[in-house]
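The following block contains the structure, expressed as structure tokens.
For reference, chains read A, B, C and D in written order, and residue numbers begin at 1 within each chain.
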Amino acid sequence: MKLAVLTSGGDAPGMNAAVRAVVRKGIYNDCQVFGVREGFRGIIDDDIIPLQLGSVADVIQRGGTFLRTARCEEFKTPQGLARAIANLRRREIEAVIVIGGDGSIRGAQALYEGGITAAAIPGTIDNDIPATECTIGFDTAINTASAAIDKIRDTATSHQRTFIVELMGRHSGAIALAAGLAAGAESILVPELPYDLDEVCRRLESGRSRGKLHSIILVAEGVASAYEVAAQLKKRTNQDTRVIVLGHLQRGGSPTAFDRILASRMASEAVDLVLAGKGGKLVAVQNGRYTNVDITSALAQQSSFDIEAFKLAKILSI
Amino acid sequence: MKLAVLTSGGDAPGMNAAVRAVVRKGIYNDCQVFGVREGFRGIIDDDIIPLQLGSVADVIQRGGTFLRTARCEEFKTPQGLARAIANLRRREIEAVIVIGGDGSIRGAQALYEGGITAAAIPGTIDNDIPATECTIGFDTAINTASAAIDKIRDTATSHQRTFIVELMGRHSGAIALAAGLAAGAESILVPELPYDLDEVCRRLESGRSRGKLHSIILVAEGVASAYEVAAQLKKRTNQDTRVIVLGHLQRGGSPTAFDRILASRMASEAVDLVLAGKGGKLVAVQNGRYTNVDITSALAQQSSFDIEAFKLAKILSI
Amino acid sequence: MKLAVLTSGGDAPGMNAAVRAVVRKGIYNDCQVFGVREGFRGIIDDDIIPLQLGSVADVIQRGGTFLRTARCEEFKTPQGLARAIANLRRREIEAVIVIGGDGSIRGAQALYEGGITAAAIPGTIDNDIPATECTIGFDTAINTASAAIDKIRDTATSHQRTFIVELMGRHSGAIALAAGLAAGAESILVPELPYDLDEVCRRLESGRSRGKLHSIILVAEGVASAYEVAAQLKKRTNQDTRVIVLGHLQRGGSPTAFDRILASRMASEAVDLVLAGKGGKLVAVQNGRYTNVDITSALAQQSSFDIEAFKLAKILSI
Amino acid sequence: MKLAVLTSGGDAPGMNAAVRAVVRKGIYNDCQVFGVREGFRGIIDDDIIPLQLGSVADVIQRGGTFLRTARCEEFKTPQGLARAIANLRRREIEAVIVIGGDGSIRGAQALYEGGITAAAIPGTIDNDIPATECTIGFDTAINTASAAIDKIRDTATSHQRTFIVELMGRHSGAIALAAGLAAGAESILVPELPYDLDEVCRRLESGRSRGKLHSIILVAEGVASAYEVAAQLKKRTNQDTRVIVLGHLQRGGSPTAFDRILASRMASEAVDLVLAGKGGKLVAVQNGRYTNVDITSALAQQSSFDIEAFKLAKILSI
């Protein structure tokens, strides 16, 4: 079987480990494996290269994605999709494994509906795909974020200051919640819950009355910019705060062991799927086990927010 | 309620995060919380201190355990146990939360059978408690190990050498398997499987015939010492190898985000258990969810080895 | 001799190592050592605590400063200074060792002129004290910055984007230059040189014509905000860029080996100075050797910019 | 000018940064640059490849050496040297820059005496080249070692144990001294000083009498094996200790900012030397400044041990 692999959307640490596993497990099963460069754009532009065992040597520990990634509007048009499928057919590539987030998973479904055995692997630091308990890159991102907060705390304590740290998460507070629980942040603002600055102020006050003179407030970017929060706090409490926007720092870095293992195992499942001729599937972790779900049903699921963990974070940072 | 917490057995990164969560959630629920120093020995010697909210400030990110730990033979005798229980009663401590491995969990059960509401939290880098999918410290240990292997690979590649790395695991290959999968080790020797040096040699040969001139062989300490493996390889292949024994390096270091969160949540479950008067329980993760099991049934379970992951590690390191 | 130590100004990693060395070397030489909390404010407020050998156990590896730090306007007034000196006299503290930047060194001189044997240790991440080749914290800061740039490069390469990274340095490009040389940044903008956006554009163009599709531009905060630079680049080249402001992340973290050794040795020199009754001195590294200079002459020196290193950074990032 | 670069001897973090700088500065100066693989063996075997600007993209942050390294006995024979020089002449390579330790520097001198414009850059983690204050890789190695000791201390404190840590250094205690000063080790055993186990025991006793129940003893491999030291301590004090041998872990890892800058600047100096036709030179740091010395005089210098730093380490770890 001829099998292609691509990474799409925002890059996530562990994507290289997933590509490596697709290539090696594919070749182990007598596939010819190809790499598509820069996501779906590479199919349209026929930017496709053969990958051997050695092509993925020494990449498991690297951040980013050596196949590169891009957003591609053209692929979303009927013409773009047709051209992509024509290119795959001409090269006799029967199966495509797509690694990426929400939009990338939709792209895999489009290829599948066009007759390609396409499967998707959830790779996004946001952990916002409801059908799976973990996505590749999230564990690395929360370690990067909590290590950054550990550093900020050194300075916050030394100067007895309040810091407001803006983390990624347009629609999801998953990173902010996990990083906040891991780093002991005093307040966490997430898009899934009402934005309650009163409570932040109350917690600042009660901390101060206990003798705690520094504080870390996390805010997911979907809630507000950290600068806005700082301005509002200044107005209410007349307290100066410092702002840090972690931004793209959260995307990079060598993947954690967890993400490398997750990527390797999800890629193995994906290869099994396409070898069995099963397209239109998303690899997932459910109840702690590797499994797969129809992409259509996966994308219909509502995301849920772990309110228990959120309440615990509050109790533990009193 | 008066509630005590202790850490026992080998130290594991995340134990401090667990103690912090017991203290804060306990106080939040109007408990008086005490810390026992140096494990069960501290109960016998009445080395018990009150812990406040501030006692656990700035410990979530620290390795080791500030309550310290020790092995205690006396506690295993009827006299030792009786003395421990008498001390707890005199102080009116009704509940004890024990954080540690196999032996520590047994100790919690002994207290429970003596009338104390004792619950256990699995804290050991070995991940060898069959009743739970994760134990506190394992994630940090495999990150430490795979980061070390990443460094060793720099030198192995530069000099085209074979390295044999000995990892912890007397009865369990869990660390070796996870670190090997994460770091792309060429061979992994674990106590759960027959010790097959022939295959190691075959893999070395086949790698060399593909032009691969370096190799990393992992060996769990329960299989053999890395020095022994090196001597045997030398005999068979006349190839010189280099040996690294990671040893206690795997125990230390700031816990990962995963271990901090796991520790916090398990501790929260444990406090809920003792508040509800439920002793003799082990907090566990099963099917990816927080739950608890009777210690007696937990200890009766057989450990299993993830043979799928092991086979995958082989396929991916060809 | 009664000897006090304080940290002042912005915190810098290694300050704890310096305080530890003052305490231990002081006690070794039969001094009684005191810690002043929150910089010069602590002298004025008599917030002074005795420090023993054990007070500085387990602090050498910690970021920030456990004595805390603050800016203190009152100390700059004759009344404030008089009160500070009166407090020291009442406690019979003859000598004070001040760890901090520019303003803190001036404060040490003020104490010295008031009759106290005061010496200063340069502790600032900015490395902007012309009389010494190194200051405590700089090495850690440039490692933090270059590690961050390594991460950003993962994403820049994966997406073929240009990133603009703002680093600390109001009047000094030392951090930007060192981090840029270490991380291979394509352009570095420093306050010591004219702000030449034309050249940045030329380098972007020439890189692109060589097939290089990503780029990292560093800007010291004293030049312009990274957002401004991004807006100007957009105007000229119509290219979208991403912005990261490292900010206070550069202050925190466990000090590097270099900073711990530098801090320990500088502190040792400072204790020798005050034991010998020599006040008004700044400990320094000159020509690679530990020495000391009169604070008055130190503060008169003009800072110089390492133009050779700057030119080299350009050549190496073609 | 045709210019070749090679890395030889033990690998050291920063060698890649040095090769990158030779290549880019060489090309900037209109040289044609070649890379020799696996040290001097590659000249003899004519394993020489052209290097372009892009050949050294994305290597500055990598440990090890992508040109690989090896020891080569044949090069030390007149026949081997003659063959090497013949190969260089045939390719019209006039200049060779050698990056490595003691033996590699001698090799550069041999090439120079054979008529090649050869210069050497000190690259070794041991910092044992007396003519220069720093060698490439040392700063990374002491950071790796002190970070490892930080981790070991977590466990040592938790269990109140004594650890004996064996560090690299056959003839030089430089790594042990620097890591010991940086990590606050209680005792440091180096080959430059008499091996005095009595003092180690005294320090253990005095620590214990102060209530300090854990201790870290560093031993450079040239003094004794850590296992031997452990056995002797056991005999004298009946105290059990734990042993860690850091070994090749000290060689690997991403170079620190210091080592990347040092490597880049030394390489720049080396290119300047060979462009000026000056062979037989070693690039060095003296009095904190970049300079160069005749290899013959450099190799004649006696190494000295920093006894001041050693005494300070003792005072600070009481």
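Keep in mind that, in the parts below, a residue touches a chain if its C-beta (ideal position, glycine included) is under 8 Å from a C-beta of that chain, and two chains touch if they have at least 3 such contacts.
These numbers come from a predicted model, not from an experiment.
Colleague: Show which chains lie in contact with chain A and also with chain D.
Modeller: Both-contact set = B, C.
Colleague: Give the chains in contact with both chain A and chain B, ordered by label.
Modeller: Under the touch definition, chain A and chain B have no mutual neighbours whatsoever.
Colleague: Relative to chain A, which chain has the most distant C-alpha mean position?
Modeller: Measuring from the centre of chain A, the most distant chain centre belongs to D.
Colleague: Once you find the CA centre of chain C and the CA centre of chain D, what distance in Å lies between them?
Modeller: Between these chains, centre-to-centre, one finds 28 Å.
Colleague: Once you find the CA centre of chain B and the CA centre of chain C, what distance in Å lies between them?
Modeller: Those two chain centres are 40 Å apart.
Colleague: Report the inter-centroid distance (CA atoms only) between chain A and chain C in whole Å.
Modeller: Here the centre of chain C sits 35 Å away from the centre of chain A.
Colleague: Please output the residue numbers of chain A that touch at least 2 other chains, ranges allowed.
Modeller: 150, 153, 157
Colleague: With touch defined as at the top, which chains are paired up in contact here?
Modeller: Touching chain pairs, listed by label, come out as A-B, A-C, B-D, C-D.
Colleague: Residue numbers of chain C touching chain D in their complex, please.
Modeller: 20-21, 24-25, 27-28, 53-54, 57-58, 60-61, 133, 139, 142-143, 145-146, 150, 153, 157, 178-179, 181-184, 210-212, 254, 256-258, 260-261, 264-265, 268, 285-289, 309, 312, 315-316, 318
Colleague: Show which residues of chain C lie in contact with chain A when the two form their complex.
Modeller: Residues in contact with chain A: 7, 11, 13, 38, 62-65, 68-70, 144, 148, 150-155, 157-160, 163, 242-245, 247-249, 251-253.
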